[in-house]
Amino acid sequence: MNCHTISTDTPSIGEAKIPSPIQKGENGLNVYDFVSDDDRVLLDVSITNLVSKIKDGETIPSFEKAGPRNKIYFDPSKLKCALVTCGGLCPGLNDIIRSIVLGLYYGYNVRHIFGIRYGLQGFIPKYGHDIVDLTPGLVVNILEMGGSILGSSRGPQSIDEIVDSLERMNICILFMVGGDGTIMAASKIAEIITQRGLNISIVAIPKTIDNDIFMVSRSFGFDTAVELATKAIQGAHNEAEAYPNGIGLIKLMGRYSGFIAATAALAEQNVNFVLIPEIDFDLAGSGGLLKALEKRLHLRGHAVIVVAEGAGQKLFECEKQECDESGNIRPSDIGMFLKDAITTYFNEKDIETSLKYIDPSYMIRSLPSNANDSVFCSFLGRNAVHAGMTGKTKLLIGHWNDHFVHIPLDASAGKRKQVEPRGTLWRSVLEATGQGPLKNEN
Amino acid sequence: MNCHTISTDTPSIGEAKIPSPIQKGENGLNVYDFVSDDDRVLLDVSITNLVSKIKDGETIPSFEKAGPRNKIYFDPSKLKCALVTCGGLCPGLNDIIRSIVLGLYYGYNVRHIFGIRYGLQGFIPKYGHDIVDLTPGLVVNILEMGGSILGSSRGPQSIDEIVDSLERMNICILFMVGGDGTIMAASKIAEIITQRGLNISIVAIPKTIDNDIFMVSRSFGFDTAVELATKAIQGAHNEAEAYPNGIGLIKLMGRYSGFIAATAALAEQNVNFVLIPEIDFDLAGSGGLLKALEKRLHLRGHAVIVVAEGAGQKLFECEKQECDESGNIRPSDIGMFLKDAITTYFNEKDIETSLKYIDPSYMIRSLPSNANDSVFCSFLGRNAVHAGMTGKTKLLIGHWNDHFVHIPLDASAGKRKQVEPRGTLWRSVLEATGQGPLKNEN
Amino acid sequence: MNCHTISTDTPSIGEAKIPSPIQKGENGLNVYDFVSDDDRVLLDVSITNLVSKIKDGETIPSFEKAGPRNKIYFDPSKLKCALVTCGGLCPGLNDIIRSIVLGLYYGYNVRHIFGIRYGLQGFIPKYGHDIVDLTPGLVVNILEMGGSILGSSRGPQSIDEIVDSLERMNICILFMVGGDGTIMAASKIAEIITQRGLNISIVAIPKTIDNDIFMVSRSFGFDTAVELATKAIQGAHNEAEAYPNGIGLIKLMGRYSGFIAATAALAEQNVNFVLIPEIDFDLAGSGGLLKALEKRLHLRGHAVIVVAEGAGQKLFECEKQECDESGNIRPSDIGMFLKDAITTYFNEKDIETSLKYIDPSYMIRSLPSNANDSVFCSFLGRNAVHAGMTGKTKLLIGHWNDHFVHIPLDASAGKRKQVEPRGTLWRSVLEATGQGPLKNEN
Amino acid sequence: MNCHTISTDTPSIGEAKIPSPIQKGENGLNVYDFVSDDDRVLLDVSITNLVSKIKDGETIPSFEKAGPRNKIYFDPSKLKCALVTCGGLCPGLNDIIRSIVLGLYYGYNVRHIFGIRYGLQGFIPKYGHDIVDLTPGLVVNILEMGGSILGSSRGPQSIDEIVDSLERMNICILFMVGGDGTIMAASKIAEIITQRGLNISIVAIPKTIDNDIFMVSRSFGFDTAVELATKAIQGAHNEAEAYPNGIGLIKLMGRYSGFIAATAALAEQNVNFVLIPEIDFDLAGSGGLLKALEKRLHLRGHAVIVVAEGAGQKLFECEKQECDESGNIRPSDIGMFLKDAITTYFNEKDIETSLKYIDPSYMIRSLPSNANDSVFCSFLGRNAVHAGMTGKTKLLIGHWNDHFVHIPLDASAGKRKQVEPRGTLWRSVLEATGQGPLKNEN
């Protein structure tokens, strides 16, 4: 395999490598400024910390800026690339596929782009999935389709078999779109590649509808998800308001982070209780949710509760924990649990209520992206292509302080962004709901 | 109570009464044709039956046409009307409230329009619900709101107390919007009114998101419901297509009639199995659903199943039947049942599948009406007002052969429209899905 | 050319032919009731006229019911069909293409289905347009696309060249989707076919976003059009309400019939003036629109006007009339005319106003169909296929009194459905707007 | 007037004042971190410039962070606030009104909140507009309404009369939502307030659907605007693709900055030419738009052009420039101009084309905000309230590097953000359209 001219390049926080060979062709289209690896975006925009750090000679954490470089490392005429989408569906997958394919094809004249079917399974011979030849004609009209034209799957696969497969197909750049598990797999794949002395770039695009990727301020699909989540909340609100002691209960996505629940509650503004994984709450007791709900019903006659799927897991502590196929701990179903607990509570008190339960998760995950996410995805895809073509590897394309950046895989893998209990978002939720602490005093 | 000038008038199939007194004011706006009670719409538009019936001197079943009459029976300056919405939410309730209020206020100069809160509960003193004074200002901007500004409730209330309440408030026309149970209640209320010798008109507007009112070709909210149901199916299809052996399972409304499931399946066209209450199917066995699903997965790798909530109830025959508060038999949850049955079936066969379950019911019920339903509701409301003002009673406003008509309460109550197993709709579903009979041979 | 086994069959009002040969295969799927040509739908559902006509022995006007027959006339294994979409875009074209292709392919095992590109131009060699081979794979996912995958064009083409082309390609059924001009072309094509002694079925599906096809109660795309039209009206209303003396002026489609304008005004309900081709109005003078608008602004501070493109054409009488390429008289632009006239009127009176003009026509025409139109189109396409396969010709698929019917081309061509000035629709518009006659007294 | 306890505070770039008096009540809700005026957000996140500047002892430009302070300056029990919305409509106005009213009412217990009707006109007695008493009940359900419940107007008013009016009503905080002209008016009002020695805070929220406010990375309504703009482009694309030599021409908002046109083109991706004010282009000549369009039609048979309203103004240089009421130069209508120029060009060359022109401006401006803009507006409103309550003045609430910040009025007024010709956005547009420079060589 000899498509590489030099070894690939891993970006790191606070440090930049200088690229070299193959000058990009001077065609009419490309009369724009290239990005240099010295263009770096600060991690922390707060000036106070910064000045003191600089004075103390400390390293200032920063990210390499994403974008086209004035050198490329691969010979496009021979280059073979592959693209895989992994894990749960998320609005925007097809936008990213399209953007990568068009970026490679028209931006760099790459002609061999392989689509791996059904996530990591597609690399493993025993599953027998086909490889798709990705061409502009195939992807040009997929923007308005939800899902992923490549398909996906959950769960880990043998890293060695994946690298075998890359070698066999002579892939030099692998674009991986996926969540936490995929980023960890990408990291391991890159390791084996190094061990085997291969020159294969691994470029990841983080996918999490929950918006919980560490060091990534925004992830694609989140905005689309919030949009439909607010419709679900509106529905729940309409149901709640229409019946005596009406209760609307909506379970939203958010296994470890409550961004969707919190943001949708702010968009809709008719929510009275938001429960997220980051903030502990009590169910029973004078300060708990049930009592607070009873007060709210007494006062206003109806209530809306939004619960993220990972909230209140302490309530299941005695139960055996389940894992999904990707190895993530699967939270017990807090939505059904709350539905039963609330119904039982009021039945016992002989208070007539009317509870409606809405779980829009799969309707949301399978949506096509809205315009905002489409644009965002087109930038993610384009920047992934630029990063790959310039020979960079072991990175993911992130977004930080309004800039697209390269984030080292290792800096993000295994960590998680969460709603800050004392930050602006949660403060605004508390102001909007007036829900109070929902905790018993000790 | 003396707002009536003559006794009220019940329409009947095949027979028409002649109205008389109070000539409607000759103002500039009303230079249109009034409808006469002799304007009748045929029940059956098939010519063959008709000619032979007429020749044999048989009665030709027909409905009184709805619309403004050239006489009104009530003195608008003294008239008090009431309006109540009952049962489950349905897109268009607010459109009907608006249309009735504006029709009474501007069309007939009625100034006393009472909104009864929370369905039939609102008539019963012990609940303590307020009465709302309905004015144009209050209703003019409610078109884009889902739910019902009056609220609703399920379950029967004492008919005598309801009539007491009507007497106490001096109501002369009661507009009731509701489903099967409400139509039966309307019928009983009208009976007691007759027994007590009162002159109160009862005008019903049938509400059933399932579109299953007998002798009513179309009910409001149905079109809006189908629209979102197709989105849910699209989502399920995207999920199914994206995973190896992906299965999308959508439960839609339809307790006794599968119109929503069948119609949405035709709108979306990516459905492989439609299960409705009217058509029996087997689950197990060589001709059953599970085997057919397995074949489909083997052939195409993914499948979408739409199930109406009332389908497959024979599968629960041993279980105790539950009733909801309105006295309807509540079907056992076929959605969750199928989800479990399918998962178990394939697990036992060691076939990896990925099933996603979507239940959009409450998101659908709580929607605002789309444009089509809005227009339809504005006609329903207007025609209800015309019927009430002309002193008619014991009727519901229906839609038949493209005309709005008066249907006697007794003709519709307790019966149900269903999908015709050998008719065009179901035939088209069979053609679109290719699902076969799903029955074991005997 | 010998694919026909017997000559084709033209339906007529009040008369039915009896079909015969090739029995349809007895496969598992088709265990439903066939439609007989004796199944006829009454034109007029009013019972009074009917009884007297029958007693007098008069013919009762009725339509042949559409649907599958138990005999087919063509040998599917050899049959070649063609499909063409003509004239302006309309939501649902792709639904119909899909429905016809799937209906022919799966319902009757037809394997040669040609798509004619760019309307009637596609038949004429000098334009050099390709023919498209229509397969299920090509059409299965086009439901969510607006426009027409076959393209279209306006304007007449040589009927003889079209028939030459049909002969050359051995087409036995031609499906034509188009408006008034297309229906007339279909009629002429059928005539030439008869003259040449050919056996080619011509089946038309009427396309008019304006819903103005004679004897067709509903045309596809209309419902979708009304839906977006109401959004435009909402926008205009928001603009009008937000400024002192704000005026929202929306021009909607409707060259000869104001159904879209009238229906959208009922759906949105914030409209103060609706102007349609069927109802004359004066602009100047004490009873005219400008004076009425001034009164409305004085009273309420804002106003919304909806004008159909064909309204008020008398105002242009002195100007030379233009025709579009299809030979239709093109109405002068009443929207821009009113915009200028209103602005001038209030400027001269020194009254400050803020007029916003919205013309959403091409945004509407190019929409994908909503769920309701999708279902409707799927029935139209299916019934067109059934009609063609059973050897019928010179007909269009219509919808009358809630049934799909066969309408002879000659019965509909050259005539037009219009809003009835004294009917329910217009009466409701007058009630909803309170706009008065807008005419000066003589 | 003595509601102020100390003089108000103007934020400035690179400098921070220290607030003091009235400690905010320690209630259960407010257990979150307050923001200190020392929390500042860097203007430039590029690390290279930064380090050298710090080493050289230069001032580092930065903004004060927005958010609640631990001191407030006004006594809420006596405080009177006013709120005005000015200029053209923009999605999100009602969200901001709601957020400010609820923030003042529930966050700070302010009870006197006045809504000024119809923009700055509302301050001027001669117009006779009412003042609206803004309460939670009035604003709680306005999220889904487009427009502004307060109304708006264009054009300047006497600054002295405005300040007279503020004095007369005892207003201590004025919230102004508006564009460029409004920000300049706010600046002048604040000046007169200082001259008169009054203590009135002026807090502005910048409104520009064009997203062209200087030093503000994102303005509300922009995202919603792009969303509908993409629908218009889709429509134009459908129309273009459906006809031989079909051309879709869409005029979008963007008087001086082409952000909407450029972003919508990226979201939709079927655009071939984007014309914006920032980038000069030639119409005629071998390198001009018309020739490029001809080539595109020759090659692909259809084309889509998106033009911002302020593009190509050099083509009108000989014409007299018009100004709108707000004193802005009104661009000549490039949309109609291009429509005519293109039609003439191809007519002269005898090439048949089909051009469809779409101008969705007022449908876009009058939309309700989407979920994303709703959340954004709720933060803007909340932060405006925090800024006002802490006694700050002469500022606008901006968004920079992912943080809400205080921007001094003077820093932003009279300047404009524009699409950077060599930046990422425009580069991506060039890549997506492949449109080339559209310039003749000299």
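Letters A, B, C and D name the chains as they come in the text, with residue numbers starting at 1 for each one.
One rule holds in what follows: contacts are C-beta pairs under 8 Å (C-beta built on N, C-alpha and C of every residue); 3 or more make two chains touch, one makes a residue touch a chain.
The shown structure was predicted, so the numbers you read here are calculated from the model rather than taken from an experiment.
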Each chain counted as touching subunit A and subunit C at once: B, D
Farthest chain relative to subunit D (centres taken as mean CA coordinates): B
Pair exhibiting more inter-chain C-beta contacts, A-B or A-D: A-D
Interchain centroid distance [CA atoms averaged], subunit A/subunit D, Å: 29
Geometric centre distance via CA averages, subunit B-subunit A, whole Å: 42
Shared-contact residues (touching 2 or more other chains) in subunit D: 145
For the subunit B and subunit C complex, residues of the former touching the latter: 28-29, 31-33, 38-42, 45-48, 50-51, 54-55, 60, 62, 67-68, 98, 102-103, 106-107, 140, 143, 217, 223, 226-227, 229-230, 263-264, 266-269, 370-372, 374-375, 378-379, 382, 400-404, 422-424, 426-428, 430-432, 434, 436-437
Residues on subunit A engaged by subunit B in the complex (per definition of touch): 89, 118, 121, 127, 129, 145-148, 151-154, 231-232, 234-239, 241-244, 248, 354, 356-360, 362-367
